[in-house]
Amino acid sequence: MSGRMRWGMVGGGRGSQVGVAHKVAACMDGLFEFSAGAADIDPAKSRADGIGLGLPEDRAYGTWREMLDAERQRSDRLDLVTVATPNATHFEIVRAFLEAGFNVLCEKPFTLDVAEAEELVCLARERKSICGVNFGFSGYPMVRQARAMANAGELGKVRVVVMEFAHGFHARSDDANNPRIRWRYDPKQAGNSAVLADAGIHALHMGGYIIGQSVAEVSADLASCVPGRLLEDDAALQVRFSDGTIGRLWTSAIAVGQMHGLSIRVFGEKGGLRWRQEEPNQIIWSPLDEPSRTLERGAGGLHPIAARGSRIPVGHPEGMLEAFANIYSDLHAAIGAHAAGQAGAAEDFPGFEAGLEMVRVVQAATTSSKNRGQWTSV
Amino acid sequence: MSGRMRWGMVGGGRGSQVGVAHKVAACMDGLFEFSAGAADIDPAKSRADGIGLGLPEDRAYGTWREMLDAERQRSDRLDLVTVATPNATHFEIVRAFLEAGFNVLCEKPFTLDVAEAEELVCLARERKSICGVNFGFSGYPMVRQARAMANAGELGKVRVVVMEFAHGFHARSDDANNPRIRWRYDPKQAGNSAVLADAGIHALHMGGYIIGQSVAEVSADLASCVPGRLLEDDAALQVRFSDGTIGRLWTSAIAVGQMHGLSIRVFGEKGGLRWRQEEPNQIIWSPLDEPSRTLERGAGGLHPIAARGSRIPVGHPEGMLEAFANIYSDLHAAIGAHAAGQAGAAEDFPGFEAGLEMVRVVQAATTSSKNRGQWTSV
Amino acid sequence: MSGRMRWGMVGGGRGSQVGVAHKVAACMDGLFEFSAGAADIDPAKSRADGIGLGLPEDRAYGTWREMLDAERQRSDRLDLVTVATPNATHFEIVRAFLEAGFNVLCEKPFTLDVAEAEELVCLARERKSICGVNFGFSGYPMVRQARAMANAGELGKVRVVVMEFAHGFHARSDDANNPRIRWRYDPKQAGNSAVLADAGIHALHMGGYIIGQSVAEVSADLASCVPGRLLEDDAALQVRFSDGTIGRLWTSAIAVGQMHGLSIRVFGEKGGLRWRQEEPNQIIWSPLDEPSRTLERGAGGLHPIAARGSRIPVGHPEGMLEAFANIYSDLHAAIGAHAAGQAGAAEDFPGFEAGLEMVRVVQAATTSSKNRGQWTSV
Amino acid sequence: MSGRMRWGMVGGGRGSQVGVAHKVAACMDGLFEFSAGAADIDPAKSRADGIGLGLPEDRAYGTWREMLDAERQRSDRLDLVTVATPNATHFEIVRAFLEAGFNVLCEKPFTLDVAEAEELVCLARERKSICGVNFGFSGYPMVRQARAMANAGELGKVRVVVMEFAHGFHARSDDANNPRIRWRYDPKQAGNSAVLADAGIHALHMGGYIIGQSVAEVSADLASCVPGRLLEDDAALQVRFSDGTIGRLWTSAIAVGQMHGLSIRVFGEKGGLRWRQEEPNQIIWSPLDEPSRTLERGAGGLHPIAARGSRIPVGHPEGMLEAFANIYSDLHAAIGAHAAGQAGAAEDFPGFEAGLEMVRVVQAATTSSKNRGQWTSV
């Protein structure tokens, strides 16, 4: 293991929910130090927020371009840059940092369209950068346990994956007046999809992550329930993964009473398993013809990747921040290995390819829905 | 309230799961007496099983035709006949009893095709018989509470209904050797659908029952996961109800680890609610912007129809047999009212029209799935 | 199996919750016919309620004495009499029916004092009557599964049993004005204990029932939370069973928000198990050092006594009425065996001895609590 | 808010579970920097582990005395020292750091006997140090919500508090051979109590913390279930708090199948509430005569102290590390206020007085249990 690395963030200033989460997660294990940032689009607020987040004055930048220019010239330059800005700006910022040779973790959705995402994937490969997209729920130890079980054949051939990410926080008819919500349903700021691109792709990514497949084809039904919305606030996708496995996704922003609402169920010929983000320390594992059993994070008998991602003993709850911290821990290891010239080990964090795949899925789903549910290749 | 009525059953002999359930349910409240039956297709077994179920010798018939011939001539003829035979025989038996002027409760699926179902609906109307299809889960008090809440506008305009009926009891690859399962995937015995017609329509019916709408259009994905099956063992339906409400249905027979697996969630502009058959005494009700609350069967403050369907105090669990008994109680009331020449009150039990609607849905879903997900009118 | 038997009930008229439950339970499987009753203390209401419950006019008696006098002389006399009257009247009525040679099922608490309970136990033995006390929750299939597991040694030596029966339905400060509640805290009508005798002994009985032990010693803390009450509305008992197993009981009537609130946990050297009346179709079974697993009523692999008590398939919920019906089914079998001169098989239903034991426990707990927690022999 | 402070830890080296938790928690919000430590009793390992935890070489000490001597002379001395060593060493170490003028957070149990605890409380007062005992579960936002609700009178007069902390991780009969467990049941290392002092007092503290009362009197039953143990592995305490509120505590180390097993239920005249450490982001709140509702961490409408302790949005789970971090955040605020000469605001973290109270409770419980359950003053 290499030593502590330098980490920076674009976005994530005061008022941003995800900024705090990234900062806590990146620094949780002492693997990264928060060294530089451009926290906001407003230069004065950007500097003030950066200092408020604990940055030294000279590295609390006013803009991401200022940050880029300064950091690229430092000998103690950043080892990793997180881009946590509004969706429509990801492409430009990520490209600029990639071109300057930085490793990048980008918030999801990766980009607003496929061409942009493809360009970034190419660029990352050319530069041999370590790059990730923050499908952060894949950092949960028990999600990784599910992946390891599927990969080890414990479920037998997987038949159906049922995915949900449905909350109720955009259900008010007057949300159009709420600036924190309105932009999400504005195609100019959000692209061609709202709840699918914002929430649904997390669940869909997790499905593929667990079974080790990508999405090949979709049949979609995108709907707007709140009058006046131009983008969908409720969607169902039928999916075929690359090996033919069936996927079923429901995602919603109007499911009043559901809180986080991210869950996954995987059914194979030898058994089925269930996981919910709201009780992330457990998997229910049901071997065929046997009673269901509860697997606990931190207990004995888990796969190494799940055991490795735990910080506290069995029975005590870990949460989302610890899951995100596992993504940062993965990135730290990958950056260290790369710096040491080692061939990359199997990478557990979602890369730019995963981001691209999900942008393609969103586009295919939009097309399918317009074509009255017709199956559409991704 | 009229007095105790005479009830008979075709099918339901030894080895039938549903026979015991009907008998307990019909007789639970003392509203019906089990008076006659033809319990099995084998005449000797039919008579023996009937006597075993408590019938007098002279009304434990060897065949349903024998039963029909004898009962139609009695002055103390049956007030209600339940048909709980294999699906493919429903049509012929129900028609015969209707033509002889009996009231009929038919197991689901109603018939194997739309034409048969339409004929029975017409016949029932002509004869002014009291007729039901046993979507028995609509008898649960808390399902009725949900219906009353939706009807009273407590949910506001309903936007999305999410329905599931997914179990794992047909997941073995060697189920083709199991005679109790094999017939379900044989088009000759089961018609054009397996798990959708067997399980999924229960959930779909419940969705329409609660929101007071019928299914107008579907986009379906029917799949066979276990090799060699000719009919689907996993299906997803996207639905538009008659008023445009969105429905999402997942049904499966290969969801290992799920037990009964029937649940429903209804999301409206004023709130959302959830109900699961495995914990049928509660609804989770989530008013918009307020904490979710647990409504309990038997507690104060429920709608009359829910209060009426309870037998024991709040906190004690009631189960499926009590739900079925509520259907029988409804039928008893309707038969009594009809006999008394009263105009029918609003009927809470599912009639033949509901059975027909679901046969149509199955057909439309089959068509849609063959047409690669194309939306199809019901 | 013998044929249908004749069953009668004292008490259980209109307004009684338990009357309906007994009637449905006794008749559910067709093993008993409701043949006679004295439903209320008011003779006119008693006759009317009896007829309302479905009794023939000549056996809908005005008083229990009238019923006793008439029934003892009939050739088709009752095979079983249930006594579901107010607690203070159990002794006199049960004694009279026993002396006349009837089999009796008595509601709990059995009697108000130990001397009465002892007298009834002696009398029942002398008359060789089949007698039970309605600790009806012991009829749940999964409670019986627990008992069978403990008895088969699957838990190893049992160390601790944790029992709860705590609800919140007597929590109002103005309950003294509510006639349905007031009598429960009046020593003249309720004896020396309220919530312990009403609810707690159900849980305590279940503990002993599962592990096959009786209560030897208690240390108790009885408290009245609602001002003005003369009897306890919250109590904790520490227990030693006859073999030294530790028991912990909490019972309450002021636990606002708890519904039924009956649960049991059993911890042995080889594993632990949990059961709750509100989800009665499951046991959570936790073998030492292995994941917890969910055992389902109706699934394969259960002990015969649990399998036998099921009426509907796995996954569908059964409830309290079905549990009570299992007690009646046991009584039917025992009465039949006795009539046939067969040596009694192991009896699964709680007998008068169980009733006596719990009356003794209540007395010992009262004494212990007055003596500031001192351990007291039962 | 004052700036980042310097924090050190005695104990917590490699192999310690609690060391990682303290480090992550103390540093989570950037309020403390891990500046010095003596991580192990073995000097070489102590230095190595300290460096491994990220300490600079010159402040990774070999022993706590070395650390004390060096740190007391530094101008950039530690602002807070956490003592996370074996229980029997707390007294000596805490006293030494207090005498040198440091602020101290001590792991629980505070000390092995009352006299030691009293001495430390006096010393802390004399020195006006900011001192805490790590009843870390009191840092959960929803525990604090419960405290604020009780304090605001929303529960009315509290009647009964039901507390549990029962796990199954010391249930093996051969645990006497396991060095990680053996010491816990050795009076020389663990004092006069095992599971009560290790686990039970967490739940008991939380009870008093929520209702704002201390424990006045106890009646206890301490038992050893695993043969050969000299200290209890299962205990029940009946409690009277200072205002007469009733407490019921069960704690166990042999409850196989229970994971963390910390929960609390509070019942008042206006309602009841429930919280479990394994689902720490919710409280179930049951107002009298109304449906139970689920209060969510991060949702609107919570008391400020609960809102303040949240880092991520409603629906996403937070865990134990975040709760501990709230304790550190409280300490940071108190140290800052003290340094600024401000009168201490109400302190939300448990102080040395709470530690002393729990040592007294353990002693009183031991006495009561020896005296056959006799109520004993604390």
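The letters A, B, C and D name the chains in turn, as written, and every chain counts its residues from 1.
By our rule, contacts are C-beta pairs under 8 Å (C-beta built on N, C-alpha and C of every residue); 3 or more make two chains touch, one makes a residue touch a chain.
Note that the coordinates shown come from a computational prediction; the quantities given were computed from them, not determined experimentally.
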Checklist entry - What chain lies farthest away from chain A once each centre is taken as the mean of the Cα atoms? => result C
Item to check | For chain B paired with chain C, centre-to-centre distance based on mean C-alpha positions, whole Å | outcome: 35
Checklist entry - Which integer distance in Å separates the CA centroid of chain A from that of chain C? => result 55
Checklist outcome for this item: Between chain A and chain B, the Cα-mean centres are separated in Å by 42
Checklist entry - Using the touch rule from the top of the page, what residues of chain C touch 2 or more other chains? => result 285, 289, 292, 296
Item to check | Arrangement of touching chains [line / ring / star / complete / other] | outcome: complete
Checklist entry - In their complex, what parts of chain A are in touch with chain C? => result 285, 289-296, 299-301
Item to check | Footprint of chain C on chain D - complex, ascending | outcome: 159-160, 162, 166, 168, 171-173, 219, 221, 223, 225, 234, 236, 238, 246, 248, 250, 252, 254-258, 265, 267-269, 271-274, 284-289, 292, 368, 372-375
Checklist entry - For the complex, which residues does chain B have touching chain C? => result 4, 17, 20-21, 23-24, 27-30, 34, 53-54, 167, 169, 259-261, 277-281, 296, 311-322
